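Several structures are given next for inspection.
Here come two complexes built around chain A, the first alongside chain B, the second alongside chain C.
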Partner chain A sequence: MSFLTAQAAFYYLASVSVASALLAVTRKNPIHSMLWVLALFLHVAGIFLLLRAEFLAAVQVIVYAGAILVFYLFVLMLLDLPAETAGPRFGRHWPLAAAAGLGFAALGGLAHIETPDAAPAPEDLGSLADVGTKLFGPFALPFEIASLVLLAAIVGAVVLAKRRAVES
Partner chain B sequence: MNGPNVKDLALLLPELILVCTALALILAARRIQKTPWAAALTVLAAVAAALASAWLLSGGSKTGFGGMITVDAYSQFFKVLIASALALVTLLSVTADRPSRPDPRTHRPKDPQTHRPKPRPAEYHALLLLASTGMMFAASAVDLLILYLGLELATLCSYILVGITVEKPTSNEAAIKYFLLGSFASALLLYGIALAYGATGATDYAAIASAFSSRGPGSHRILLAAIGLLAAGLAFKIAAFPFHAWAPDAYQGASTPVAAFLATASKAAGLAALGRVCLVAFAAEARVLSSVLAGLAGLSIIVGSIMALSQTDMKRLLAYSSIAHAGYALLGFVSGTPEGAEATMTYVFLYVFMTLGAFGVVIALGQRGESLNGYQGLAAQRPGTAALMLLFLLSLTGIPPTAGFTAKFVVILSIVRAGHLALAVLAVVCSVVWAFVYLRVAVLMYMKEPQEPAPSYFSVAVYTALAVAALVTIIGGIFPGSLATWVVSP
Partner chain C sequence: MDVVLALSAVLFGIGVFGFLARRNILLMLVSVEIMLNAVNLSLVGFSQHHGDSRGQVLALFVIAVAAAEAGVGLGLIIALNRNKPGAHVADLIQLKG
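Moving on to the complex of A and B:
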């Protein structure tokens, strides 16, 4: 990809990300907000792809656009949507939140300082092939322990949910 | 970094035994409705894991999985300790399963079905096994990644174990508090690991240590921040000040065996991890570490002692006791020498057994054992149980010839040798405060008239566990050198 196409792609992805993020917080209907968030996630995944972080892009799509968004939608279904849509979109504290957001953006602009003590990054860090071979090669043991952590979490969720059923 | 070798799996034998038993329990969960079966299986697995740990050591120390875990005297010592704590806690859980009297203020079950306590023995024991597996990984870890995952496995199971009790409304609240604070501490730990990786490009202890030695001490600012964050994350796991706030609530809300498990095995694993991080990975920054640890230790001892004075709930009292004891155990690491680490290992070993003993008596007394007033006149009703409690309390205070004296003696000796005289004086003064706290219970047991009917007799399992704990407490006090061949610093 030539430099110019890459730049054009970046500005497209970045501007659509910002626009969909703005739309997500300003829409009255929470379902519409969710759909804009989906657009945001997909475009951010595109930015990761431009940076050659394929693994992060895949995780962004699978975990955020897939799992977390569905999770949000489930929560939304428990709400009273018409009442939610009728009320004002922002609480009284929105200027405070906006100021905090702008402050954070300014901080991002300032954060170009070089960290003096950091070790140099490895060559092909973050490529899909690299992550795959590492996960089943040198990092097989941590990978397996992580699976035990997930197993414990699943068993725990079942146990706690069953406990509620016994109580009620 | 070399890839893993299938032969390396043999190094994980104790962990594999525990994981396979846990998986078997989960698979057969519907068939296991009686606690004794699950408990027997768990105790067998724990004993097998302890034997396997000791047997592995006979082949000398080895590292495996590309230098991520190690099998050495230090790790195997803690694995045997964790397995023993698991076995004793499992034995103690057998009684806790019996229906206790409902608390009339908060809970009034209409249907006997709704009041079935702890209906899922298989899952309960599987979670205990998985938690112990995580702790063993943490003890064996020579890589920050394994350390984090091991501790995370252990704490995740602990959150669930705290919230598993059906008959207590406080259990829920305790589990959520513990979960929120625990997640925060895990984030600190992870941030520390990320900074260490960012500064050195490695997560294994040896590489971090060599990155330190290539520069002068104190010059590596990112690594100093990493040390602080790692120390904070690990201090939470052992419930040291200022990360102790979760402990009293979690112990009070959890069922008593789970509280005993958190106070012993969990603390041993946290100290094992902290010891290796301090002595191997960050050994070059001994001066910074020593002042951080001295602060944590001193404040834990002071805060634990002062807060314990006003407690009326036995489990909260034991929680503050565990906070202060975490401080005493940390004293050994303050000196940063192998002798200091060995003192801490001795301390933790003896502490685990005497604390399990004290929790065991609380369990044996059932509902009555949870408040201090329940101990009034116990000596007249149950002289044997009262004598056992007295033994454990004397040991926790540190009065010779019990194991507690040996334990306190070695750690205080190690900081005197390291030149921290003020800390040593503080440790001794707070022991006096603790004598007052613990002996208050003894006075209630021996000098008051009984207020409540005598507690019923309990299962053989609980008495077995109490006998083991009492035996170690006495032997550790009379033969203080008996542990010396086993404690070897990393």
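Moving on to the complex of A and C:
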């Protein structure tokens, strides 16, 4: 892909990401919000591809867009919130929240990196073989700890979901 | 690279706004996901900038923690919903449901 095409693709993906994130936090209907977040995740996956993180882009689509977001949508539909679209969508303090959000977003104006590229990027940066070697080499211990975190989450979710059944 | 960091900061700001302003507890959790995604974006940007894939491995761990957080958070919401229907955080003011 030529440099110009990559640039154009990046700016398209970035502007759509920002737009869908904004729509996601401002739509009244929660289902619409979730679908906009889905659009956001897919476009972020595209940016990952442009940044040569192929494996991460696949994981983003499969785990984030495919599993986590569907999980959220599932719970949202399970709870069935008909009153949700009637009330105000923001709390009364929303100008303060907007100020906090703008403050963080303004940090983007300061984003500037002085250091040049440390080393020419290896040819296979971000490939499955590269990430896998890192994951099972220097990152083996954090990898195992991640499995422990997920195990704790599974046990926690089961305990939370079963609590009422035990009491009654 | 600067553009990626700027985009990441903007997305993070939108996530902060969503988390603080929305009253629906599910949408607050989703705003947290938006923030985590913004952080992933800057991690991948740094990884590309330095030609080092360790940033991508770190982003993978962030995704794993986000999955765990979603599981526990949604479990909590379902447990809360059994006691007190609705998803407004303003209604959830008692520790004992």
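As a convention for this text, the second predicted complex is superposed on the first by the 116 of 168 C-alpha atoms of A that agree within 3 Å, B and C clash if a C-alpha of one lies under 4 Å from a C-alpha of the other, contacts with A are read in each partner's own complex, and residues count from 1 in each chain.
Just so we're on the same page, contacts are C-beta pairs under 8 Å (C-beta built on N, C-alpha and C of every residue); 3 or more make two chains touch, one makes a residue touch a chain.
Predicted model only: the values in this text are computed from it and were never measured.
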| item | value |
| --- | --- |
| Partner with the higher number of touched chain A residues, chain C or chain B | C |
| Partner chain(s) touched by A:41 [first = chain B, second = chain C, both, neither] | second |
| Partner chain in contact with A:109 - chain B first, chain C second, else both or neither | second |
| First, second, both or neither for A:51, with chain B first and chain C second | second |
| First, second, both or neither for A:160, with chain B first and chain C second | both |
| First, second, both or neither for A:140, with chain B first and chain C second | first |
| First (chain B), second (chain C), both or neither touched by A:149 | both |
| Interface residues of chain A shared between complexes with chain B and chain C | 117-122, 138-139, 142, 146, 149, 152-153, 156, 158, 160, 163 |
| Residue ranges of chain C touching chain A (in the complex, touch as defined) | 1-24, 26-27, 29-31, 33-34, 37, 40-41, 44-45, 47-54, 56-57, 59-61, 63-72, 74-79, 81-82, 85-88, 90 |
| Chain A - residues contacting chain C, complex | 10, 14, 17-18, 21-22, 24-25, 30, 33-34, 37, 40-41, 44, 47-48, 51-53, 55-56, 59-60, 63-64, 67-69, 71-72, 75-76, 78-79, 81, 83-84, 87-91, 93-94, 96-98, 100-109, 111-113, 117-122, 125-126, 130-131, 134-135, 138-139, 142, 146, 149-150, 152-154, 156-158, 160-161, 163-164 |
| Residues of chain B touching chain A in the complex | 1-4, 19, 26, 65-66, 68-69, 113-114, 116, 119-120, 123-124, 126-127, 130-131, 133-134, 137, 145-146, 149-150, 152-153, 156-157, 159-160, 163-164, 166, 198-202, 211, 220-223 |
| Footprint of chain B on chain A - complex, ascending | 115-122, 137-142, 145-146, 148-149, 151-153, 155-156, 158-160, 162-163, 166-167 |
